[in-house]
Amino acid sequence: MTVSLLLNFGLLVFLVAVALALAHWRHLFPVAMLTGLYSLLSASLFTVLNAPDVALTEAAVGAGITTVLFLATFGLTRAREKPVKSSRRLIGLALTAVTGAILVYASLDMPRFGAPDTPVQTHPLRDKYLVASQDEIHIPNTVTAVLGSYRGYDTLGEVAVVFTAGMGVLMLLGRGRRGRKQNPE
Amino acid sequence: MSGWWLVALVAWPALMAAPIVACGRWPNLRETLSVITGLVLLAGVILQIGPLVDGGRPDILLFSILPGLDLHFALEPLGLIFALVAAGLWPLTTIYAAGYMRGNREPDQTRFFVCFALAISAAIGMAMAGNLVTLFVFYEMMTLVTYPLVTHHGDAESREGGRTYIGLLMTTSIGFFLPAIVITWLISGTTDFTAGGILAGTGIGSVGAMGLYALFIYGIGKAAVMPVHRWLPAAMVAPTPVSALLHAVAVVKAGVFAVLKITVYVFGLDFAYQTSATAPFLWLASFTIIAASAVAIYCDNLKKRLAYSTIGQLSYIVLGSAMASKLGAVSGSLHIVTHAFGKITLFFCAGAIYTACHRKYVSELNGLGRAMPLTFTAFTIAALSLIGLPPMAGAWSKWYLMSGSAGVEEYALLGVLALSSLLNIVYLLDIPARAFFLPGDAETPKGIAEAPAACVIPLCITAAGCIALFFLAHPIIDFVGTALGGPA
Amino acid sequence: MRHLVALMSGLVLLWLILSGHYTPLVLALGGLSCVLVAWLCARLGLVSREAVPIALLPRLPLYTVWLLFQIARANMSVTWRLLAPRRFIKPGLVEVGLGQRSDLGRAIFANSVTLTPGTVTIGLENGRAMIHSLTPLADDDVTEGVMNRRVRWLESRHARAEP
Amino acid sequence: MITHFFNQMPALVVVVPMLAAPLVVLAHRQWAAWLIFVGACWAIFGMAFLLFVEAKIAGQVSYAVGGWAPPFGIQLVIDPFNALVLLLVTGVAALTSLYARASIAAEIVAERGYLVYALLLLCIAGLVGITITGDAFNLFVFLEISSLSSYALIAMGPKRRALLSAFQYLIMGTVGGTFLLIGIGLVFMMTGTLNMADLASRLPPVADTHTVQAALAFIVVGLSLKAALFPLHVWLPNAYTYAPSVVSAFISATATKVAVYAVFRFVFTVFGVDYAFGTLPLGEVLLVLSAIAMIAASLAAIFQTDVKRLLAWSSIAQMGYIVAGFALATPDGISAGLVHLLNHGLIKGALFMAVGALFWRLRGSSINDLAGMGRAMPVTSAAFVVGGLSLIGVPATAGFISKWVLLSALFEAHRYLLVAMLLLASLLSIIYVGRVIEALYFRARPDDVTEHAHGEAPLGMQLATWALIAANIAIGLHATPELGAAQRAAAGLMGGGT
Amino acid sequence: MREHTVLRIVTQLVVAPILIFALYVQFHGEYSPGGGFQAGVIFASAIVLYGLIFGVEAARRAIPPTALRIGAALGLLVFGGTGVATMLLGGNFLEYDVLLPKPEKGQHYGLIIIELGVGITVASVMIAIFYVFAGRGRHRDEDEPA
Amino acid sequence: MMLIAGILGVAVTMLLILVRVLAGPTTYDRILGINLFGTKTVLLIALVAFITDRTDYLDLALTYALINFIGTIAVLKFMQYGDLGWAGDVEDDTDV
Amino acid sequence: MSSLDLLDIVAWHELGHLASWFLIAAGAVLSVVSGIGMLRLPDLYTRIHAASVADTGGMILILAGLMIQAGLGLVTAKLVLIVIFLLITSPTATHALARAARQDGVTPESNAQRTKTTR
């Protein structure tokens, strides 16, 4: 268990380092690449945390698609971030700090991570999903059972989200935008 | 059944607005229709006199907007008086307006007549309102439909005037009137006008009542108690028939009528007297009377002078209400009538002068009396009525005001009234005096140069009305008196 | 057609290895998947000699073993250099003429070179490969042409089929 | 079979628009897309009405998606509170469907039209989903659907700036969504459940922890961003201004309202009024913010030169009214807030539709463009006038009802300062509405605009606009049913149970 | 980048395995990590790879945008349609029990169908987004057909 | 035990690579680092799969093995052409 | 079953264990060394060489160690697949990288450019 803990810790430190670099760099190439790195790290972390489904998602999306889409977007725009007024950056920093502070505040009373007596572990949901699902749905991967059946409605919603995103992109950037009726500014 | 009469009367002019719009392309038809509408309305209102004198109180609860908040019509003597004034003067104004608008080739005449009809509808609605909410509904409706009339010309000056007009009226009504109604509702659980007042017996204290009354008085901006009088001179940018309507028939009368009605039926004369909720307004109204009259003296613009005169005269009525006595209320309601006839005549005359020779400043009127004898004779009669000289109608209202003041033992008010009469003489009689006795300048027309008949006939009729009312005043007083309780 | 069959069998094999569930349902889905992928590959133009290099198959195992051996050897030498003082590193560039007749062969050569630590192909065009090496020794290894020959051997049947 | 259908309505009301969207994409042709759009919108409107009635009779309608009993599966709940919101959303959607055809044909290139319909349907599905779900995470999912579709729709606006404003909205919306998600995560961590009713019963024991406090903060802030609650309103003026007319109309009438609904669904149902308003000072904070919103946003509205932007600022102010009502946390206050939530939806929908109709004719929406249009498009202008009066709160319009109930609630709660603020904001609204009306009727058309700037908008647009206006007047004249429904909802919320 | 020999060859070799792997992930969601969403993304990344090397036009010829549009819609319809089917069969929305006589069988098949729906939509949308984005680079600003 | 050693080794390597990625100096260095990082992730996941005895995690590793290089290629292509969709056999492919 | 057989099995087991141990440890060491190389070496091209140590040697050794752990079966097959795919894709990426770097004008740190040609 300690190794896992150590690994968690190490990966988190890596994540923080990458995140800081992400925030720091103005040129967008390295940023696009670093997001790839970020996803590699998170995938590892999720694996270590025993969440292979999430890790696989992260792997599939982060390794293949994210970088490509980032770059494609740069192709549409420009590869360098516009310098932002320092005041706005300060505001952003302040907001981030406040959010972080609240999170830290929130963490003061959180149940211990992974402890068996946390509300999440003691709630009847856990038994239902991990035990009863084997009888009710008969498939070994409870994650799929939860996502597909118990919370299938959420998943439907998420598919709709993906569909929305796709249609939105098609609408905004698809064929013939140039020809659309446009008022001069 | 009789309740539906009220609804019909309120709805009638509004409904007739549609055919008036439809006839927009044929001016003759349109104006005939307007006049007919007015006459029918008048007939309808007159038909109500009989039942009311017999003690009938038609009443109808149309439907409720919110629980306890109804659209409720009810007719009682005060309302009938106001309705009669409005309905009676409207056809005349319409005829006059037809002549005036054509004589001056005004644009958008259809819109003008439609708004006119709607304004009358609103006035009748106020007259027949059975509760505060209904009163408020039609009060606001009147503000809104008269706004296009004020802004009629659409140029920068009239837009500015219109802004002041609607801005001030809406501000006061939403800022003070509405909360006052809400408070009344919250305190008493109803807004229905009831004899003896709905606030009586609710345990509201003297200070509270005083504050509430202030909210009402300043909420009803149409009553033009200083300092919320600014809209009235501003509205003078409108065509003269509009001014006539605003200042004599619909708007300002609606304001003071609302004050009167609230004093009598919301506070109740006894309650108001006991809590002396209205007392401060004796002095505020007095101040308004004197100040407005003083300002009027210095106004060279004829219509503006009349406007300030109106402000002063309205405060007579507020004063009457604020006395919180039967006599005060009677004199106030009487003054609604007499001032209506007097002031509409004056405005008709001003409009006639403008139509005939395009003069709008007092200083330009020298010597015009010979060219427009009918007009200036009528002007003189009306002026005398406002000043309060017998045998003009105004004499009675002033008389009762004075006795009212004496009745509530505020003798200082007598002085105020006397002083104001003096000032009235100065600024009103100044005009016919110039016209008749001073020599005209080079451009003064020689011979008779009256305005079109459509303008002159109405003003003659109203001038005659001023005299006739002198003899008809007592039935009115008795009639109103039956409706009022409270200390005499 | 040959290639399609080969592709299909490859896919089926892959599926069987990946799946590990041999119920009728899963197998049926697997069959469908293979057909779908094959059809898609056909549409993408991926059912060709280049994309399904069946001709290499007979000699591939031997080549792989040899290559692994090379990799092992190179690993040892490079690992040592990574830790040794800087002077043991003498990078250099070599241009090598390629004898392979097909692009497939050239690609295999380039990747094999890259795979062996110590050498990396940094250019491949017009029948010539530009190779960067960590040490002259490794450089010699390539220029000796051993790997070149091996790849030629690997692709010989394949290349013959080329018109 | 029929009863089965009735039992399925809570799911159908979401599923119909959600599945109509892909059908629209498959149909591809614009008229077919429109027909599907209209059919779906009216179908869910009908269902929403039936559900409303059902919720009124039964007190609460609950539906277990997937047949899994509540804490295990996702539950849809329709109670008097959200039945009203549902009615608003679907009603406006139904009218939007009539309005959309001409407006979209005029503003969006033809081969893209079907996508606009699809995204509108998705947006509707998202909003309806948020409204009726009884599950915290599910709410987030549908929030994302509605947000994503609205970003895209706003970006379709006819000016280039539309992209920028959509981007701005996207950034803030994403932050909001993330906050909400964090909040839900924290709550989940403390209770182990996502079902709102279950949460409500499991939170009290752990309510006194930093985690739950932070969760409340995150959820409220996140949703307030979507609701454009001052000072989180920054995205709204641009978004409403540059969006296509039909999108402005629909979104202004529904999206922020649903977000406010969601805020108070969490605050009242999940966290409980005693906790949020008693233990924590949420009520005071919201009251102060809403007071500022009323005044500041109204002032800002006065200085706008574009009518859509003006209305957008006014929306921010009006959100202040709504929130003020809810934040009183008295039965009267909540019902007043709810009444204004509905009324404002109707008012703003009507106004934006009217402006859209003017835009349809003018290709512009600045106040100067509108000069003299009262004569050129009398019917539309009249609609705007009535809508504007309702916004001001003139009697016999829905706005008056709002103002009345809000004022009485504020008086009851002895919040006299807020009364003053509310009145002041109303007065400011006279000024900004007045500016537009003045331009419509009392200014001459510019001389250089002669061609094509005359004649009314197509029937569909007018029909939709006037239907909303009629609703305004109807409510203004007879609001007893609405208030009754709102009071039932308030009673339910104060009772604490879902 | 077709002239890049190594990349071209390797891409040709790798696309088919990626595709089959994607379908494996798709259909083994019940047994091992993954499911429709991941499968869709992996599937799409194969096509993306192909598009990178052979050009978007080539990819578009093989998988036309219309097919993607239909696919995206179809996936959502498959998922939602399953729910509607359960309603028609007398259950609640997405209550797969009623699909087949045995509830757990119904659950199993229901899950397979909806995961398929997820996969189709995700793959289609991802590819479509790639088409749209990648087809609008600096090289062809003018004659852009997207 | 041995697995732990393996994990530690991989983790340390990751750290070293991370330093290189963040240090640069050229973009290509970074890309190289990230690419290598991908391989390390594959190893890490495989090792974790064995340590937790969940061999189905290997699918994850396989995913990376299959598609990790797509990102790298995309970056390279973009750096070269500024466009991802371009077929690229028309211009400037004269190679040395 | 004789005791000898039993011993035999245990020995085999131990041996497998040992081999696996060795392979993984060696892989880890190679990995780390290549990481050090990544930091130490002077320019991009030389660093590529360092990287390829981890890419090939480290990877193969560790996965081979795992294969021994898993024994003959599907798991090993999967590991083999991983190895194969990595062997195909990672040099490709490296090559593409090196080529792009060169075309971009990143010059190798090299004193002599020798050219030899074999047939």
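A few points about this structure:
A, B, C, D, E, F and G label the chains in the order they appear, each numbered from 1.
By our rule, a residue touches a chain if its C-beta (ideal position, glycine included) is under 8 Å from a C-beta of that chain, and two chains touch if they have at least 3 such contacts.
Given the structure is predicted, the values throughout are model-derived calculations rather than measurements.
The minimal number of chain-to-chain contact steps leading from chain B to chain E is 2. If you compare A-F with D-E, the chain pair joined by more contacting C-beta pairs is A-F. Among the chains present, the centre nearest to the common Cα mean is that of D.
Distance between chain B and chain G, defined via averaged C-alpha coordinates, is recorded as 101 Å. Measuring from the averaged C-alpha position of chain E to that of chain G gives a distance of 33 Å. The centroid of the Cα atoms in chain A and the matching centroid in chain C are 36 Å apart. Chain centres here are Cα averages; for chain A and chain D they lie 29 Å apart. Counting partners per residue, chain A has 52, 55-56, 59-60, 63-64, 68, 72, 75, 149, 152-153, 156, 158, 160, 163, 165, 167, 169-170, 174-177 as the residues that reach two or more other chains. Within chain E, contacts with two or more other chains are made by residues 3, 6-7, 10, 13-14, 17, 21, 25, 31-34, 38, 42, 45, 48-49, 52, 58, 69, 72-73, 76, 80, 83, 93-94, 96, 130, 133-134, 136-138. Each of the following residues of chain C touches two or more other chains: 14, 18, 20, 110-111, 121, 123-125, 130. Of all residues in chain E, those touching chain D in their complex are 69-70, 72-74, 76-77, 80-81, 83-84, 87, 90-97.
By the touch criterion given at the top, residues 7, 10-11, 14-15, 18-21, 26, 29-30, 33-34, 36-38, 40-41, 43-46, 48, 50-51, 53, 103-104, 106-108, 110-111, 121, 124-125 of chain C touch chain E in their complex. Within the complex, the chain A residues that touch chain D are 99, 102-103, 105-111, 118-126, 128-129, 149-154, 156-158, 160-161, 163-165, 167-172, 174-177, 179-183, 185. Residues of chain D that touch chain E in their complex: 4, 8, 11-12, 15, 18-19, 21-23, 25-26, 28, 63-67. For chain G in complex with chain F, the residues that touch the partner chain are 20-21, 24-25, 27-29, 31-32, 34-36, 38-39, 44, 47-48, 51, 54-55, 58-59, 62-63, 65-66, 69-70, 75, 78-79, 81-82, 85-86, 89-90, 92-94, 96-97, 99-104, 106.
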